[in-house]
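Some structures to go through are shown next.
What follows is a pair of complexes built around subunit A, which joins subunit B in one and subunit C in the other.
Coming up: the complex of A and B.
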């Protein structure tokens, strides 16, 4: 009971901190923080697959990119489309796509699953590159961010800070829902299946359907992140749907750590900041990102979050409280 | 009137190797039915077929007149069948409470819900606590399954099997690897929790078989040699030959 209250307090504090950021940060940094929140959602959705369900996908960018392109294409082709409608169209299409692809993949596990997701990603990338008339091909698509229609009033989100607030609330709430999801019946089912799939079958769970539902859900969340990505940059290029975007999320999740819910959020934070500063210094920033990835996998396999948990346990051990409860509970 | 459970002429071959060659026996409602037989007689294979893990090559499993053969395990569970495993098969990283809760919520259909938290349901919590108490794990309910002793893990195995409130329970060598004392406790536990339910049990330990079973079926070379009361089985010449022939 204590833990639960703690989690809610942490969430409220984070939102309040987020709310004062436009007063503290410079415009450039606020723009970057917006990007971090969007990528945090993308990383969280990926970790639900990898960390919670134990499914290694190399194709998560197909949903992110699809969401990004659907948002751009619908804004360009449907006159007067509001921001929220564009996001909902993205969400619906990525959900349907996730369900169809998941249906084809659900009997496969391990390496087969990983390779098939990669093949689908490559397919999506090829379509995005070749279908020039719709996706813009190599040139990408530029849009201008539509207004928010709240029913009673239209709200402009063209400034950096107003769009930041929109992202903080909508994407932040989506992340909170993903956290809540890990405690729900479905979230627990997924975790238990990773632990012991056979037993789950004998307890009346259809594990294939469960995997399909999870795959669809995480695909939809990645698509949601993709749609906001387009709205953020007011531009989408084929890099959004490329394998690079899958590698990016893999890196965020590994750097942050798969064993906690908040690890990937931290990973997204570190990744985006590094990427921004490194790309200012050198064009060869992917090389350095690669080295960081290798270092993390070899020496810090639990990621940053695991390191933090260990340090906290070490300190609580030293002060004699021996309160391992929260750290342990966060691991699941 | 149709039989409660009729295992009807089950054949099973694994790429040419005949393991079961026409297993046929009936189980009466609320009886405790033991399946015994020498090593390699096909007991575990038969068990895996009844519980849906394997498909039979031919034959039928008639449960209250309905053929269940070939149905996947998760469907069979919803018909009221539940099985335990010979090698402890629990969720070892999770607490005893969560282990049992998983079955309890499945029984009441809370499997894939995106919004409801199973641990917030008072009814489920109470049912889970009741099962934990029933199998004698009340003091270790919050511990992860991996921290339990072997005997406690076996009790948890039975607890999980009970958690979906089955009417037909299949226990696969529930006392395997136990000490004498643990076996004694296990017998009384099984006796207690299977009251008012139908039980099929595979067991090597004859003490367990004769202290629990109402009916014993002897499986020998892929066929049922005899299916009768313990007293009749004890005196059956064919059964004696089968077991003596083994040694």
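Coming up: the complex of A and C.
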């Protein structure tokens, strides 16, 4: 129980810290921080698949991109649509898609699953590229951010700082919700399923349905992140649904570490800052990305969060058990 | 009638190329259970090596056909020995990510050295000519691709099913520990398999260069097609790769003719259909 209280304190501190950021940061950095929070949600959703359920998907961008495009298309085609309605439309459509695709693909495991998700991602990408009349093809879609309508008042979120607050609250709450999800019975089932699926089956759990629910959930969350991505940049291009977007989230999660809940959030931080910095000074950003990948796989397989946890344990002189993470076992 | 024959032959040529790429991929996957994302990058590397050699050989392809697979064999062996083997203990995810990172590195290095634009070199000699079949004039080179694929396919089938090495390979797939205990150096066998897969990708790259021209996006283009081939054919199945390559090759070719707008999606639709009807692929064993 103490651990949970500690986590709540950390969450509250982070929100308060986030709340004062607009006073401290310059406009450009605040814009980047908004992007980081959105990508943190995307990374967290991916880690629920990879770290918690042990499912390596190479197609998470299909949900992210779908959410992004649905938000853009509905804002363009439905006049007077409010911001939250656009987000909800995205959420509903990505949930349905996640359910259908999950039903089709989850019969496969391991590398098979990885390959199939990648192929479906490629299908989505091909459709987005070819369906020019709806998605804008290579040109992408520009939108203008609609207003928030709270029923009693409508808020303008056109400025960088007001949109930042919206993201901090809504996306931040979604991240907390994901964290909460890992502590529910459902979240624990998923975790145990990864460790010993046979035993879970014997205990009477329907592991296939649990996995499908998790896949649908993570797809919906990725779609949510995608919708906010569109609203943030007020633009969406086919790169949002490309394999590169999957690679990006994979790198974030892997750099941050899959064995803790907060690892991917840290990974999103490092990735976005690193990418913005590196793409300023070099065109060879993918080369560095590849090198980081290989280096991490070879020498830091647990990611940054694992390193931090190890250092903390080394200093406190004890080898305590993992607290709120997806346990210490190797994923297969 | 003639038009249909031309498209049919185009489909065969592309199917041959697809088979050369996916055979190596499916072999490595079947034997080592490693999905090699760097496979297409190595194919591209083969194509670029071949481009540089052919420029100096005034467009003769024969030297490339020997040198590039050997070069890729060595690169593949080094990758397996010094990188892949180290992460093997960390499981699938680590292996996949490693090859993924390597694909990025190779692609960027290629862009760095050869530039980020298409390079074309024409084959000279008799391969550049045309031949009369079924009343149409058709380039010899495309037929040459198809014959190469048949040759490689037969060679692989012969090694796998008719030699002692083939028995060891097939046994190592089922139970590598037991094979190891029986006195076979399984790590060496795996290194050989991975290197052979790399050599095959290099061979395919050499062949692809004059057909599709050599450019940095060629890896990405063929990777997805090859993945679809091994999904449709069944993971790790050589026979499946043959049938699926032919299917996808013809589908791509006639797709452009019949449904130009849908041509890309057709392939994925076929894949989805196969997955719904038979999840393990046409020739795959039940998992």
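The rule is short, and it goes like this: the second predicted complex is superposed on the first by the 317 of 332 C-alpha atoms of A that agree within 3 Å, B and C clash if a C-alpha of one lies under 4 Å from a C-alpha of the other, contacts with A are read in each partner's own complex, and residues count from 1 in each chain.
Keep this in mind: a residue touches a chain if its C-beta (ideal position, glycine included) is under 8 Å from a C-beta of that chain, and two chains touch if they have at least 3 such contacts.
In this text the structure is predicted, and so the values were computed from the model without any measurement.
Contact with neither subunit B nor subunit C is seen for A:307 once the two complexes are overlaid on the shared chain. In the superposed pair of complexes, A:282 makes contact with neither subunit B nor subunit C. After overlaying the two complexes on the shared chain, residue contacts for A:130 are found with subunit C alone; subunit B is out of touch.
When both complexes are overlaid on chain A, the residue A:122 reaches subunit C alone and has no touch with subunit B.
In the superposition on chain A, A:158 makes contact with neither subunit B nor subunit C. In the superposition on chain A, A:142 contacts neither subunit B nor subunit C.
Touching of subunit A by both subunit B and subunit C, each in its own complex, is seen for residues 332. Within the complex, the subunit B residues that touch subunit A are 51, 72-74, 77-78, 82-83, 85, 89-94, 98, 102-103, 105-107, 110-119, 160, 163-164. Contacts from subunit C toward subunit A in the complex involve residues 29, 33-35, 83, 86-87, 90-94, 96-98, 100-105, 107-109, 112, 224, 227-228, 230-231, 235, 261-262, 264-265, 268, 271-272, 275-276, 279, 287. Within the complex formed with subunit B, the residues of subunit A that make contact are 181, 183-186, 188-189, 192, 195-196, 198-207, 209-210, 213, 217, 332. Put simply, subunit A touches subunit C in their complex at residues 50, 56, 104-105, 107-112, 114-116, 118-120, 122-123, 126-127, 129-130, 247, 250, 254, 284, 286-287, 289-294, 296-298, 301, 330-332.
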